[in-house]
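Let me give you the structure first, and then I'll get to my questions.
Chain naming follows the written order as A, B, C and D, and within any one chain the residues start at number 1.
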Amino acid sequence: MNYYFILLAPFLAFVTIALFTRRFRSLSALMAIGGLGISFALILKLFLSLLTTGALPEPVEFSWLDLPGIHFGIGLLFDRLSILMGLLVSGVGTLIFIFSTGYMEDDPGYSRFFAYLSLFAVAMLGIVFSTNLIQTFLFWELVGLASYLLIGFWFEKNQAADAAKKAFMTNRVGDFGLMLGILLIWFVSGQALGSAEGRTVEFAQLARILPEGFASGTISGSVFFIAGLLIFCGVAGKSAQFPLHVWLPDAMEGPTPVSALIHAATMVAAGVYLMARIFFLFILSGELLQVVAAMGLLTALLGASLALMESDIKRVLAYSTMSQLGLMVMAMGLAYPVAGMYHLLTHGFFKALLFLGAGCVIHATHRQNIFELGGLFKRMPVTSMAFLMGMFALAGLFPFSGFFSKEEILQAALETSRFWFVGAEATTFLTAFYMGKLVWMVFLGHEKNHGETHEAPLVMTLPVMVLSFFSLAAGYFQIPELLGQASGETRTAHFGPVAFISTAVVLVGLFASFFLYGLKKPAYEPLEKRLGPLGRLFARKFFIDDLYNFYVAKIQQPFAELCDRANELFVIKGLGHLAGRGLYQLGSLMKKSLTGNVQTYISVVVVQILIILAVAAIFLQLV
Amino acid sequence: MISESHYLVLAFLLFAIGLFGALTRRNLILILLSIEIMFNAIHLIFVTFSRTWNNLDGQVAALFSMAVAAAEVAVGLAIAILLFRSRKTIDASQFNSLKD
Amino acid sequence: MHDRSCDRCPSPFLPFTPLGVSSTILGFIASILVTYTYSLGPMFSLIIFYLFASVLLVSALASVTLRHPVYSVLSFLASMCSLAVLFFIQQAYFIAIVQITVYAGAILVLFLFVLMLIGYDKEPRTVRRHPVRLGFSIAIAALSLAGLLWMAQTAGPLTPAALQPQTVQAGVGNVEALGRLLFRQYILPFELLSFVLLVAIIGSVVLAKKEL
Amino acid sequence: MNLPNAVLDDKNNIMLDITFLLVAIPALAALLISLLPSHSYRAIRAMAHLAMALELVLALFLIFSFDRTLAGFQFVTDLAWTVKPKISLLLGVDGISLWMVLLTAIVGWAALFATGNIQEKVKGFFLSYMTLVCGAMGTFMSLDLFFFFFFYEIEALVTYPLISIWGRGDRKYAAMQFTIFSVLGSAFVLIGILALYFLSGNTSLQIPQLLSGFETVPLAIEIQRRIFPLFFVGFGILAALWPFHAWGPIGYAEAPPAASMLFSGILKTLGAYGLIRVGLGLFPEAARAWMPALLALALVNLIYVGFVALAQKNLRLLIGYASASHMGFALAGIACADVLGISGALLILFAHGLLMALLFLLVYLMEEKGLGSGVSDQGGLAATWPVTATYFSLAALASLGIPGFANFAGELTVLFALFNHFGPWAAAGALVSVLLTALYMLRAVRNLFFGPEKELRHTGEEPVRHFWRHAPLVLLIGALIFSGFFPNLPMSYFKTSASQNMTTLYDR
């Protein structure tokens, strides 16, 4: 079976929509859903063959760029990790495509939207099934491009255009580090084999060469530390980790299905997926893992705290994504990639559910500020129930999938050291708090006067229901076993001490938020009064955004102006005029000699002959 | 024995004098005269080399050059006369109509 | 020196010029006789060379710097004669004779004739009039002299490979060899030369004629 | 007495081939155009279109029938001209120059669609247009250094009238700047060629003979060291190396868009091509000593000119400086002077030529419909001009180095070569320029197209509407995307001939 259609199907959909079916709205929607559906079917078939026989087809590759020294190909690598991730991406993707047919129906750029979605699907699947670092980088950039196009979908809005540019630039900064990391790995892989030709970027070979090189001492540990850090730089850019997280909240300018697909389930997970894919490199350097774990925890806490003061429903979810990603990165940092991936998969389901739920709410009420919403439970029962289930899963209560995957991470944190465990528990508490706030404000309490809000149409609620089923059931699919407990130790103690502590923390968080928001439905953010200066700090996003804006406005632009003036002064005025003016002066010098007197002409001629003779003599002399 | 470089030095000196005369003299006719001196310097060189390499071509060249020099003087003087007739003077510096 | 009022009347020194001219010619003829008889001794030709070289340079310099046109023409005559002697020393007898007849004779007379026709007035002293120009031209002349000398010296041996030395058959005089050369190998240039002279003649006639 | 050589050659070998046609067609077209009456605009334009279409077809045919495995020159045309310094119109194509010829053909054909605004002296315009294309073709294909310079001079000659007569704004100044520098560059090249001829002692100026000659008796090191700087500076000026990067943008800003397309697309590529073919080809040892200097200048080109582009307000100047900064990438590739670097540089040159032609064509189409020159004072055009906005953002994305376009593959190869030869800092410097390009291109797109509609002048309806406006754009973008999706195709051409010349440079 030609498995290239996993990538080709959505790509063909993208091309046909972009070129031909732009005017036929429903046709393009069908093309997009069909394209992704085909890849979903293929991946499902692979998944079933994985479950039954465990046999997986060989990685397939066609050479993209072949020169002496570099041999890059584009292909498909099938293993447990990529198939599961592929399932998440294509499965959730198809559901979101179906959802967006309803959500975007009255939007003029309908088919353009589906074209961009298909492009995104191709890029994401490209990363998931990539066989080498260069292919990952290639589709990494394409994913960045797709998110740029989708965030800036409503380009006539200023905020959307700026948000798109900001997202792309932040991704680009991340890619800067990623590329350098890849270059370093490529260069170092040659050293391990002792020959320049042996350099490679293929995962399979790297997984074999790098540990060997490290063991045999030909490659020093610090090289892995630097390479790992550079690669983490790319991961941070894509998965909105601490220094490069500023673009995620602004990315909410895009349509909600975009936020659901890209900024919850798939794209932001690409970073964590890449770390899982080249974990053989990260494992080689201890301090690298420490740094990664620290950055993860820092992002988790930062995200959770920023979400507290947020009043826009989508921004709260965005910050919660950031914080959950922080937890996954921390899990990776604690050398338990399986826990990270497990949480990533479950998170993909319930976060997409929450975003789609928010989408239904926005579609019905056209409002995003939680203080303007209220009492939707009666109006939109299905969405509310689904949103509630998503919230419980995110918070990590027992029956829901979130509980199992988060508990894995907490277990891993506890085993490493108490510090990580306390940090993770704090994040869980904050998550429970702001999610509770969200639910109490939006769905409970008396109804705010916002016209007749009706339940979202079936085409929107169906994906929501499917996702809510998964966010409930995902915990029972033994995903860790499926992921192949690479690290060997089995996590059995589901109901050990960790489970009780985390459940208690979540319940406390929920009641605290109920106490603040559920009872008397404040019209303004009560935390401002309560937290005072700390609140203001959270509201201003720790001044990181202002720091970046300061850099762009006050450092980069003036420096560019300086360069421009220097260029104007020295190069254009200097060289340009030197040539122009210089020739002119030379000319006028000659002019003065034309006095009309024959004899001065002769003397000038004689002088020139002498000069030529002298130059010729010198030149001949030189030879 | 006189080597050829003696003659060369002499010829160059003569040439320099002729050049100096051509540049400083005011009288057109005497400019032509100085040019004649330069011509003679060249003839001297021709003859000198003809003797050193024992080849008469040099002398033939000298002869031809003399003829040409004579022709040149004839035409030069004719022009000088014309100039004199038009400007009533043969002072070289008067004829600077070229200067715009 | 009194200033000349009319610019066409002859100079008062006219009587002296025939004396100068004749003395130079006589001196010249005597020198030819002397060199011919004693040309065998190497020392002697050295003296002759330096004698006439100095005469040549002095007279050339005089013809260039003297203010009175006629005097400069006459000193030109002296330089031509001394040059002829130098040719003579270099066994270019035919050229020496031609030098005398063509230069000393024809061209000089032509100069004098035109000078008389147009009239001459003494040039003001070149030094006062244009010190800058004088300095400038001296510098150029010196420069060119230095340049040419340096070129001659650095350019190394100037023996073009193409030129094969002609073996001068014994007993064949310079004139005969020259004649044979002229009318055998260089017959074409010789004819062209006559054409050039013809053009010159017609040209000067047409130019200088008052009305055709 | 042997007769002048043009009449008969001892071997009497007059070899004619497609390469001769490629040069002859524009020359013939120029001749025919000069015969046409000057008021018959339609006939002149038709003739130009015909000639360029033929060129394009021939170039494509050349690509398909070229044998990639052979490293030497193919389709050789040899018209002997003089004997003493053996000069003959020797045209030949190898892997390196083949794609440059294709680039010239594509840009030459596409630029014809940007000549709508030429109303007065149309005949003169198209004459110089044809001369320029003929010059470019000749320079890329000529293997005889004399004719290399001869064709280049034809082209440089035409730059002055093109800018000063049909340009806009203070075109006299721009024309003067542009011509002085392009001729100054070629002056250095001429001195270099003459020095090569006299100092190296062999009688012919033809690259094949020179190369085979250097195999047996390699050129002495100090002679090489004395000649190479001349070529380095000469081609550096033409290829907008750092100190001489400013004359390009000034020229493009005032030149008619069609001319800007040709200049930025072809003239700049010539400089870099010359550096590879003549500089590195004939003087490998001396070149090796100068490569770090070239890298340093290229990096300055990348970063400094990138910042200058960031501060530009005028759209055309922005594109011009973007082009100069982008050339830095190609020059950095050449600085690595190995098969990887050279192939990457060549692919970037190809992509850069197409990209600049595309951008200036779009500028022409938009300016015809009232787009002002400023980047920041107008915006929101995507709503009124959706198709042009798509084309422009595609072009901007290509210049960013988004995968799927040829620039990405080229830049990737150069990055690997840089890291391999000059270590991580060189690669980091190049990557900084990629960031800068992203900054100023995206800001241009954002300001011009996205955001609410600002007060616009009388912008007419959509510039790209009927087929004739789409064709060149589709061809340019198609070529970019095709060589971006399948970079192996162009690379396989570069690989064989680059490795053949470069083996002398670096042992590994």
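Convention: contacts are C-beta pairs under 8 Å (C-beta built on N, C-alpha and C of every residue); 3 or more make two chains touch, one makes a residue touch a chain.
Bear in mind that the values here come from a model prediction, so they are computed numbers and not experimental data.
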Chain pair with the most C-beta contacts: B-C
Innermost chain, where centres are averages of C-alpha coordinates: D
Farthest chain (mean CA position) relative to subunit C: A
Between subunit B and subunit D, centroid-to-centroid distance (C-alpha), Å: 56
Subunit A and subunit B, separation of their C-alpha mean positions in angstrom: 90
Distance between chain centroids, defined by C-alpha means - subunit A, subunit C (Å): 98
Inter-chain centre distance, subunit A versus subunit D - centres from mean C-alpha coordinates, in Å: 37
For subunit C, residues contacting two or more additional chains: 133, 136-137, 140, 144
Multi-partner residues of subunit D (each touching 2 or more other chains): none
Subunit A: positions in contact with at least two other chains: 599, 603, 606
Footprint of subunit D on subunit A - complex, ascending: 63-70, 72, 134, 138-139, 141-142, 145, 152, 155-158, 160-162, 164-165, 168-169, 172-173, 176, 179-180, 183-184, 186-187, 196, 556-557, 559-561, 563-564, 567, 571-572, 575-576, 579-580, 583, 623
Subunit C residues within the subunit B interface of the complex: 42, 45-46, 49, 53, 56-57, 60-61, 63-65, 69, 72-73, 76, 79-80, 83, 86-87, 89-92, 94-95, 98-99, 102-103, 106-107, 110-111, 114-115, 117-118, 120, 123, 126, 129-130, 133-134, 136-138, 140-142, 144-145, 148-149, 152, 158-159, 163-166, 168, 174, 177-178, 181-182, 186, 189, 193, 196-197, 199-201, 203-205, 207-208
Of all residues in subunit B, those that touch subunit C in their complex: 1-2, 5-10, 12-21, 23-27, 29-30, 32-34, 36-37, 40, 43-44, 47-51, 53-57, 59-60, 62-64, 66-75, 77-82, 84, 90
Complex contact set, residues of subunit C against subunit A: 133, 136-137, 140, 143-144, 147, 150-151, 154
Residues of subunit A touching subunit C in the complex: 599, 603, 606-607, 610, 613-614, 617, 621
